[in-house]
C-alpha cells in the first residue's frame, strides 16, 4: 500500500495479501449488506456513502499524520466545529464568503500550531495537550454564537453539496484533492519524511539537524488545516454553523486510522489505508441505516463490529509478522 | 522529617497540591460564598463520583495504559443495577452484581490489551462503544427512577456532616491506595508501567498485572456508577458521558504520568477536587457555561505544562553539580 | 438576542390555502410578534384523524399499503426521544405500516441525522417523522426528501422550509407559558435560576428565550443565574448545588426539562430549602409528574412526544392513502386537545388519562 | 600531515556521571585515529561532543583552525564532520535512499522530493561500499542489521565530510562487509580525510589504524602510535591494572549438575541444538561474537522466549509445562540481563523498589508489604553492594552505569537464587565496579551457586570461568576447560570467528 515501495514490482498475489486486513473486511461487509438489502448496491447509494465519508475522511487524514508521529489530536473535531461557526458568522458579519472561509481555516491552523508547540516545546503528552485544546476550542465555538447554531443563506453551501462533476459530488472531489495533497506532502516532501522520522526515530532527525519543534508545529498546523477543510465541508453539509457538530469525530478518525494499518508506534502506516478505515465505518452506518436496524441497537452493533475489526486486524498482522 | 518533606517536594502531586491551594485561596477571595462550610461539603460531594472513577483509572494509567470506557462502564452498571432493583433484587445484592459486571468489563479490556496486544487507547475506545450501546439497549431509552430508599441513601445520605458518598469515595481511595502501595501486586503495576520489559524479566506476572489494573478500574467504575444512580435516584444511559475524559484529566492533573510508572491515587484525589472546585467557583462567579470549558482546558494545560517542566529540570544537570567540575571531589562516584 | 429562526420560519411559511383556518391567539399568553400565528389555541375547530392524547391516542385509519415510515429523533437516551419513537411504533401497529426507528449514534448530531435521511431515502421510505436537531442543519436532508416528494412531519423543532406538517410544541411558547406561571406563583418578584439545555441545541435556546421573554413583564424578577446542565439530571443537581451556595434566597428555579428540574429538586432537598423554592420543568415525564404529585415540582408542560409523533404518522399515512393534506401547517398537538400545563390540580388526571409515557 | 580537528579539555556531565573529564584529542588529515577504552569509558560521548550532538560543559573544539561552537549535529555536518553512530539512527519506515538523504532531500523543479535522483545517488554510494545488493527503495525496517549498518555508513559518506567518526561500525557486520568498509576507509585516508574510529576489536587496529587514544573512566590515558604498544599493554592501560590482579578465583568444591540443556532450539533458528551444563560451585562462560545467539540462549533458558525443541533440566529434574520467568524464579534461577536500561531496571522507580522487584514476593508471601521491613532489607543490600547513593529512595536513572548494574545484581541476589545467568554483567561499568562484581561472582561460586556467564570481553570470560563454551552462529562449537591448551585468548578468539581449531594455530 505504501508509496515508498511502489518501485518494487511484486506479483499481484502477494500484493493483495499485503493489503491491510480492513480492506477485506470492507469487502465482506459490503457483500453482507448487498445480500441483505436490495437497495444497497444502487449507484446512488455508493455516491451517498462517498459523500457521507468525505468530511470524516479529511479529518482522518489529519489524524493519520498525527498518529504517525506517535500522537493523537483530540481537538480535531472541535476544530471542525469551530470552522463551521466561524465561517458562517464571519459571512453573516458581511465579510466576503471566500475570505471568511480562508480566515476561519487560518484560525484552526493557529490552533494546530498551539497544539504543536505544547507537544514539542511544552513536552506535554499529545493526548492531554490536545484534550485541553479541545476544551478551549469548543468554548470559543460556543461563545462565537452564544451557544446556538448560526445560519446564513448563501448559494455556496448548496453549490458544494449538490454540484456534481463527472457524476461525483463536490465534497468527494475535495476529499480526493486533500488526499492528493496529503499524499504528496507525505511521500514527496521533506515534511512527510520528517513525519515518518518523528514517529520512527526522532533521535535520527535531531542528528540529521532537523528542527523537531518546527516539524511538530508543522504537522499539527497541517492537521488544523485539514480539520478546517473538513469544517467547511461540514458547514455546507448542514448549511449552518454548528458549535458542537464535530464532537467525537476525533475518536472516529483515530479508529479509522488504526483500522487502516497505521500504528501508534514507530511511525508505520500511511493515509491510503485510512481511506479503507473511514469507508468501513461509513459503510457500516449506511448499511445499518439502509437495512433499517433500530437506533437502539446501532451503537452496540457498530461497537462490536469495530472491536472485532480491530482484533482481527491485530491477529492478521501478527500472523503476517509485521 | 526531612525525608517526608523531600518526598512531598519531589512527588509529582506537589504542583497539583500547590495549584489547588492557590485556586482555593483565589476562590475564597473572589467569592464569599465559596468559603462556607456548606460549599465545602458540596464540593466534597460533587468530587466523590469523579474521584471514585478516576481512582481506578489511576491504576490503569500507571501501567502506561488508558481506559476510555470508564464513563460508559459506570453508566452501564448503574443502568443494569437500576433495572435489577426495579425487578426487586435486594439492595444488599446490588453491590456484588455491579462489581461482577465491572470485573467482566475490565477483564474484556485486559484481554484485548494484554492477550490480543492492542494499544489500550484503541481497545478501550471500542469497549466504550460497545458498553454504551448496551446501556442504550438495557434502558431502551427510558429513565428509571424511584429506587428503594435503602439504595438512594448511599447517594444522598449523611454521616454527621459528611455525605455518605464521600465516605465511600474515601474508602475506595484507601483501598486503592493500599492495593497500589502496600501489596506486591500494586508494586508490579508500577514496575510494569515504568518498564514493561524489565518487569517481564523480573518475573512479574504480566497478565495478572494488566488484567488486575483494568479490573480494578472497571470495578471502581461500578461503584461510581452505582453511587451516581443512588445519588440521582435514577439511571439513564447517557449519564456517564461527561466522565469519559474528565477522569483522565483528573488523573493526569494529579501528577500521574501518561507514560506510566509514576504517580498515585493521592495525586488523583487532589486532581479530582481541583477540577470540581474550578467548576464550582465558575458557577459561583456566574461565568457562562460556554466559557467554562475554556477555563478547564486552560487549567489542565497549565498544570501539565508546569509538571512536565519540573520533570525536565530533574533531567538536566543542575548548577550545583556543574560546580563539581571546578573542584573535583575525591571519592565522589562517577 | 436574535429571535429564534423557527419563529420566522413558521411565520412566513404558512400555506395560503390554510390561512382561513388560522388559530386564534393563545389562551394564556400574550400574543407575540414572532410567533403569534403559529401559537396554539385550545379547541380550535380542526379535526384530527386521531382521538385521545398521550398513550391513549388512537385512530381508525388503516394504511392502504405496507408503507414504510421512518422516525428520526435526536438521540436514543432521552425519554422524550424514545417517546417519539414509540409513538410511531404504536401508529405502525395500529395502522399496519412498517416503522423504521432511527437516531444518531452520537447524541444530538445534526450531521448524522442528515446522513440517516440520505440513507433512508436510498432505502425508499414513504414518509419521515423528524425531530430535527437544528432547523437549518437538517435542510440538506429535507430538501432531498422533498425532491423525491416524500412527506416530512417535524416534531417540535421545524425545518427551515415548509414541510408537509409541523406538529408537537412550539418551544418558545412552552418557555413563555411555564415562565409566566412560575413568575405568577412567586408573586412577580424574586430571584430566579434557569437551568439551560445543552449549548448549541436549538430547542434549548428557544425555550430559554421564551422563559426570558415571559419575565419581561415582571420587572421585579431577577434572573440571578442561567447555566447549562445539558438536559441531564446529574448536571442539574450539581449546577444547582453550586448555585445555591451563592443564591440562598432564590425563589424559583426553572429547569428547561423535567430531568434538570428534578436534579434541582434533589439539590434543594439536600440544601434544606424544601418548600421555599418554586421549581418549574417541561415535558411532563413520569418522574416529573410524580414530583408534581408530591408537591416538589410546581409545574410542567406536557410536550407529549408520543401523541405528536403518532399524530404525525397518521397524517402521513392518510396522505399516502389518498393525498389528503393536513388542514394546517402547524398543529401544536398537546395544546390542541388539552391544557398542556400540568400542576397539582390536574396532575392526577394527567397521570391517569393523558400522560404519554405509560 | 596537518591536524584538522583538535579538542581541548572537553568535560561532559550526565546526571550522576562525569562521562568526560578534561579530555584532549587531536586528529590529523588522512589518518585513522582509534579510540579505545572499556565500556563506559566515554568514547561515544567524546565522539558526540566532537560532532555537536552533545554540548560539552567545558572545553573547546577547533576544526581546521577555527574554534567551533556547535549547537547541534547539523552545525557539525555543515562544517564537514559526519558520523556513524553506535545507536540506530535510521527511520524504520523510510526507504534506504530517503534515510541516506534525510534532511537533505533533492528537489525537483516543482519543489517535490526527487526520489529518482536520490535513489540513483544512493545506489552509487552503496556501490562504492560493494553493497549493491541493498535495494534502495526498500524500507530500512525490512533490512538485516548488517545491511542497516551499511546504510548508516553510506549516509555518513554521502556528506563528503572532512572528518568522519565511526563508533563501533563493525559490531554488527560480517567479515565480508567489514572488508568493504576497510577498503573504503583506506580510500578515504588516501583522500586526506580524518577518521576517528571507535572499536573494541584489537585485531582491527593494525589493519587500518595510525594512532590510538586510550580512555578510561572519562579521562584520557595516552595517545600512542599503533605499533608502539603491544595489545597487553593497551589492555593494561585501558583497564588500569594488570589483568591478573583483576580476576580472582578461589578454590572451591563442585557440586552436582544444576542446569542442563539438551538439544535446545528456539523458534527463530538463532539457537541451534545447544547442549550445555553448569554445576554447583562452577562458573561457566559463554564466549562468542555479537549476534552469535548467546543472549537468545539465555532468554530461552530463562523462559522469556518459548523453546521450540529440546529439554531443560534443573537439579536433575526435567522442566515440563509452562516455561515462564515466574516459574524459573520459583526454581531458584535468576538472570542478570544484557541491557540494564531496557530489561534490567525500572529507571523511574527508586533504588529500593528495583532491588525488591523480584524478591518482594519472597519476603512478603502474603502479598502485603511491610514498608519498614522492606526499606531495612534494601538498606542492607545497598551497604552490601556499596551502591553509591545517599539514600535508597532516589530513582535509578540518576545512578551511574556501574551502580545501576549493582542494583540489578542486588535485585537478583536478594532473591537468593541457586542458578544465576549473567549476560554481559560488566558492560559499561568502571573498573572498580567490575572488580567488585568479579569478587562477588567468585564468592557466589564458593557458596555453591551455579553461574552461567555470557560476555563479549574475552579477558573477563577467560579470567573468571572454569569452563568456556564457545558459541558461533547459534551453535556451541567448542568447550574449553581451564588449564587445557586451548584455554587462551587466541584460541578462543579464533573459535569465536568460526575458524577451525587447526587453522587457528597458524595465526
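Odds and ends about this structure:
Just so it is clear, A, B, C and D label the chains in written order, and each chain counts residues from 1 on its own.
By our rule, contacts are C-beta pairs under 8 Å (C-beta built on N, C-alpha and C of every residue); 3 or more make two chains touch, one makes a residue touch a chain.
These figures come from a predicted structure and were not determined experimentally.
With A-B and A-D as the two chain pairs, more C-beta contacts join A-B. Each chain gets a centre from the mean of its Cα atoms; the one farthest from the centre of chain C is D. Look at where the CA atoms of chain A average out and do the same for chain B: the two points lie 30 Å apart.
Between the CA-based centres of chain A and chain D the separation comes to 44 Å, rounded to the whole angstrom. We define each chain's centre as the mean of its Cα atoms; on that basis chain B and chain C are separated by 38 Å. Each chain gets a centre from the mean of its Cα atoms; for chain C and chain D, those two points are 74 Å apart. Of all residues in chain C, those touching 2 or more other chains are 76, 85, 196, 199, 228, listed in ascending order. Among the residues of chain B, those touching two or more other chains are numbered 136, 140-141, 288-290. The set of chain A residues that touch two or more partner chains comprises 142, 146-147, 296, 298-299, 302. Under the contact rule stated at the top, the pairs of chains that touch are A-B, A-C, A-D, B-C, B-D. Contact residues on chain C toward chain B in their complex (touch as defined above): 75-79, 81-82, 85, 107, 196, 199, 225, 227-228, 230, 232-235, 237-239, 241-243, 245-246, 259, 262-263, 266, 269-271, 285-287, 290. Residues 1, 5, 68, 70, 73, 76, 85, 100-103, 105-106, 108-111, 114-116, 118-120, 122-124, 134-140, 143, 160, 196, 198-200, 202, 205, 228 of chain C are the ones that touch chain A when the two sit in their complex. Residues 53, 72-75, 77-78, 83, 85, 87-95, 98-99, 102-105, 111-113, 115, 119, 135, 137-139, 141 of chain D touch chain A in their complex. Note for the complex: chain B touches chain D at residues 3, 6-7, 181-185, 187, 190-191, 194-195, 197-205, 261-262, 314-317, 321-322, 324-325, 328, 333-334. Interface residues of chain B facing chain A in the complex, by the touch rule stated above, are 66, 68, 112, 116-119, 121-123, 125-134, 136-137, 140-141, 245, 248-249, 252, 258-259, 288-298, 300-301, 304-305, 308-309, 311-312.
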